[in-house]
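Next come two complexes built around chain A: one with chain B, the other with chain C.
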Partner chain A sequence: MRQALLKGLFYTVLVAGAVTFLYPFFWMVLGTFKPEAEIASLRLWPSEFTLHSYRAVFSKIPVGRAFFNSMLVSSLITASVLVLSSMAGYALSRLTFKGRDIVFGLLLFTMMLPFQITLIPMYVLMVKFQWVNTYQALIVPGMVSAFGILIFRQSFKSIPGDLIDSARLDGCSDFEILFRIIWPLSKPALITVGIITFVNTWNDVLWPIIVIREQSMMTMPQMVALFAVGGQAEAQVGNILAAATLLAVPIIIAYLIFQKYFIESMATSGLKG
Partner chain B sequence: MASVQINNLRKEYPNGVVALHDVSLTVEDGEFYVLVGPSGCGKSTLLRMIAGLEEITSGDILIDGVRINDVPPKDRDVAMVFQNYALYPHMTVFGNMSFALKHRKIPKDEIRQRVEAAAEILELGEYLDRKPRALSGGQRQRVAVGRAMVRDPNVFLFDEPLSNLDAKLRLQMRVEISRLHKKLKTTMIYVTHDQIEAMTMGTRIVVLKSGIVQQVDTPHNLYKNPANQFVAGFIGSPAMNFFEGALDDEQTFVSPGLKCKLPESIALLFGDLPGRRGVVGVRPEHIYDPAEAGNKDVASEIGVTIDVVEPVGADAYIYFYIGDSYCCMRVGADTEHRPGDPIQVCFDAGEIKLFHPDTGDAVTSA
Partner chain C sequence: MRSKGGQLAPYGMVAPYLAHFALITAFPVVFSLVLTFHRWNLLSPMQWIGTKNFSAVAADPLFWKALGNTLRFLAIHIPLQVGVALVLAVALNQRIQARGFFRAAYFLPVVVSGVVVTILWKQLYATETGTLNAILLALGLDRVEWLTDPRIAMPAIAVMATWKNVGLYVILLLSGLQSIPRQLYEAAVLDGAGKVSQFFNITIPMLNPILLSVIILSTINGFSLFIEPYVMTGGGPLNSTLSMNLYIYRQGFAFYKMGYAATLGFILAGIVFVVVMIERRVIEQEYP
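Up next is the complex of A and B:
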């Protein structure tokens, strides 16, 4: 009896937590289908479904182009982080060379630096490279990540050394060991780093706002932010919610596909979510 | 097939730890060579240096007369079987066995032929499409052996391949690997800490301790004529019994709790030892109940009290103290002796060994 009560209490707290997090999200999504006058109410379900907010967003800003830009930038950065950070993670976990631990310490140190500190020097660099308003400015600075290196290093350390020695005897180079032996065994780490990198890049507003001025080069969050605060939304909450929902869709899809690996990796890497 | 020559091989780690001290060995073509020793003696390090997985501090390794110190592992034509199998978990048994061959761009037909031939020998035919996780420990180890076999290497290297198996499987795999060696006639270098494996499989055995070679010999010679006290104690199960003492008159050896008349041939050997001190060694099977010694030439009788009787199937081991030395004797399984029983024991005079009290070296001639 006491156990049943405790279990009931446990699930009540869990449900309350889930509702707290999910309610605003559902409110936003369903709000995009409500007539403007109805959005302010706390009622979740619209009295009538309308696509008016979406039509307004698509007519006012080049959503397609921004979506393409975001997809291109996020995909390239994610692919690059997976390749380059895993290579660095492999070197730091599996190769022995002088100064290895110092390099690793420096990498950890860079993780402690807030982005705002490097923002101005990075912008100056972009200006000097004449990369302002180009894809390079959006992609190159994010091509390798210290966070990715850390996750890969820890993950690769858990792979038995004999497996790597065996691959070496079978004729594999370090590149082949990494991509043919270690990668297939490190799916959770790859997916975790992939999702986190993709989400962070996709959601990033600050850096694109600094380096991109031309509308045709803008990313989705940048476009949505400017749409929301720049007057184009005409103070229509429905329009802002529709733009925000469009922004969230790819992330939700990616999470739903990979959540199993994501949770597995969070659990095994001891990483806080 | 190939011979392996190791000349003055030394391995020193950056932290100053020396794993191998000037090791020199010659493994003949087609030999089953066993490296045995306690944990940390450097046997696996030596094997990994032959494979090219460990850097050489100084010295040379030659395969078929060719110095391979700087040859990458893949070009040494050696195949290694690891303790924990080291099978690629994401590949099938066929994938694992064919991986090295695919890497060498060997034609597909030949790869299939080689893998199937090895699988047949190792009775793995029906498992070729399975992933390693769907196999038992013994099957996984057979896949690991098969993976080495298909490469048709000059030298097989085994790094404690049976340590992870249960006793029954270990025995079975021991026989299978020995059979494989007879069939392939390839040079095999086998590392183990298990002296039974070493004795039953090796054509020659190297005993290592703290990175120093103690003795290289056939299993029989190693057992019968150990070069020093370490080898005598390491080879043989249960271990040899040792008594440190001195010869007090012409033939009487005195050690705490023991006064024993030694045969003249052994007593004479004390002449060169400092203070006529020495360590006498007797194997458990060379200690008898005087009533059962028959017409064997035995040293004097000693009265002891049985501490433990340990039946092990065909035999039983009786443990007792002689002075401070905890001793073991082997008797028949039908022994009626019980713990606490006082018994008389005697040593087989012809099987007593003598070791130097300071260096531990065997003393064999005056």
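Up next is the complex of A and C:
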């Protein structure tokens, strides 16, 4: 009897939690299809489905361009982080060279450094390079990740040395060893670093707000945030929710497909970070 | 074994990282330190002013306001986050159906952009049209001015931030719970310990290292509070939600006071460091 009661209590907690976390998203997505007057009501399902909110968003802001910018920046950074961070991770885990401990020390320093210290001088750097309002400003600072290097270093350590030695006897260079032999054996690490890098880049908003002022160069979160804050949405809640939905949907779809990888990867980054 | 590229190959492998480090980390850190001793608006030449930036910060009422706001945010956010995460993780750790579904549901806000979450909650919190007040009215209660009452706005943001992040901590605590050896509980049952006593004498002490990580992570993330007040309240009403990062952003990128903003950045980093150290010390003393 007490057992059953306890079990019932746990289910109540779990279901209440699920409703709390999911309801706002349903409300948001369904709200984008409602006539404006209906959004404020408690009623979840629209009386009629309309696309006017989306039409308004596309006519008021170049949201397609922002979507393209975000995709481009997030993809290039993710590709660069995978290649460059795995190179450093390989050198740190499988090669011996003078100064290796120093490089590792720099890595730990980078990981622990609060971004508030580098924010202002980074902006000054972008101004001096005349990179304000360019893709370089969005991409270059993210091209290598200290976190990625640490994950790769850890993962590459467990690859059998014999494999690497025999490849070397066959005349493979270090680059060939890394990309032909180690990469295919390191899918979990590549997925972890890839997901975290892509999601963090896609969602980042502070840096774009600082270095991008021209609308045509803005990323999705930045454009949507400014749309919600500024006057362009004309206080139409439907418009703001539609813009937010467009920003959320790519990540939500990826999450629904790769849910297990997302949770594992981000939990790893939580403990390491 | 010698690599084929000779002695230079390892350096080729780490060169991109080192170049990136020099440009994006080393130079900014040094330059940031230089900036703290200067007045500079990016246009006119830099002007050496000694430690005047630091004394100006100490005398700046908005700095103290922002620091107080940020600490107030943390004082609500961290206990709420640890408490809710612990309850959900313990519930998930029972023999239950659909664990995967619940896990995935709690984690959803973690992967979604903070901009989306903030926009969403701004509507939920709206005084006239928001869902929360509609529920309160339906229950026969009065409306609450969630974002327009200076006493309530920051707690409201702290609740939202908890909703956004707690899923991550649920997962971390759940994996901690699952790694506690069953034998400990079995031995406790033999000793006649009840569920409550088991929780406080076994679960909490065994979870301690993860609880510490959760608290430190929430602290570091909490000190970076920016986009939530930026989108939701603009720092208002009456600067009650002005966070440290929002203040640095304003000084640097609205007023172009580069030296002053860099000084604020250094001071904030120092405060984060001290707060994390205190948390670590207190928790390690309580549960060695």
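Following the convention adopted for this analysis, the second predicted complex is superposed on the first by the 234 of 273 C-alpha atoms of A that agree within 3 Å, B and C clash if a C-alpha of one lies under 4 Å from a C-alpha of the other, contacts with A are read in each partner's own complex, and residues count from 1 in each chain.
The working rule: a contact is a pair of C-beta atoms (placed from the backbone, for glycine too) under 8 Å apart; a residue touches a chain by one contact, two chains touch by 3 or more.
The structure presented is a predicted model; accordingly, all values stated were derived computationally and were not measured.
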Query: When the two structures are overlaid on chain A, which partner does A:40 contact: first (chain B), second (chain C), both, or neither?
result: second
Message: Once chain A of both complexes is superposed, is A:5 in touch with chain B (first), chain C (second), both, or neither?
response: neither
Field: First (chain B), second (chain C), both or neither touched by A:259
entry: second
- prompt: Between chain B (first) and chain C (second), which does A:228 come into contact with in this model arrangement: first, second, both, or neither?
  reply: second
Message: With both complexes overlaid on chain A, does A:181 touch chain B (first), chain C (second), both or neither?
response: first
Message: In the superposed model, which partner reaches more residues of chain A, chain B or chain C?
response: C
Task: State whether A:170 touches chain B only (first), chain C only (second), both chains, or neither.
output: first
- request: Quick one: classify A:162 as touching chain B (first), chain C (second), both or neither.
  value: first
- prompt: In the superposed arrangement, what residues of chain A touch both chain B and chain C?
  reply: 165, 168, 171-172
- request: Sort out for me which residues of chain A touch chain C in the complex.
  value: 6-7, 10-11, 13-14, 17-18, 20-22, 24-25, 27-28, 31, 39-42, 84-85, 87-88, 90-92, 95-97, 100, 103, 106-107, 109-110, 113-125, 127, 140-141, 143-144, 149, 165, 168, 171-174, 178, 199, 202-203, 205-206, 209-210, 220-221, 224-225, 228-229, 237, 240-241, 243-245, 247-248, 251-252, 255, 259, 262-263, 266-267, 270-271, 273
- prompt: Can you name the residues of chain B that touch chain A in the complex?
  reply: 48, 51-53, 73-74, 78-80, 82-84, 86, 88-90, 99-100, 103-104
- prompt: In the complex formed with chain B, which residues of chain A make contact?
  reply: 160, 162-163, 165-172, 181, 184-185
- request: Could you please specify the touching residues of chain C with respect to chain A in the complex?
  value: 1, 3-5, 7, 9-14, 16-18, 20-21, 23-25, 27-29, 31-32, 35, 42, 87-88, 91-92, 94, 96, 101-116, 118-124, 126, 128-131, 134-135, 138, 163, 167-169, 171-172, 175, 195, 213, 217, 220, 223-224, 226-227, 230-231, 234, 244-245, 248-249, 252-253, 258, 261-262, 264-266, 268-269, 272-273
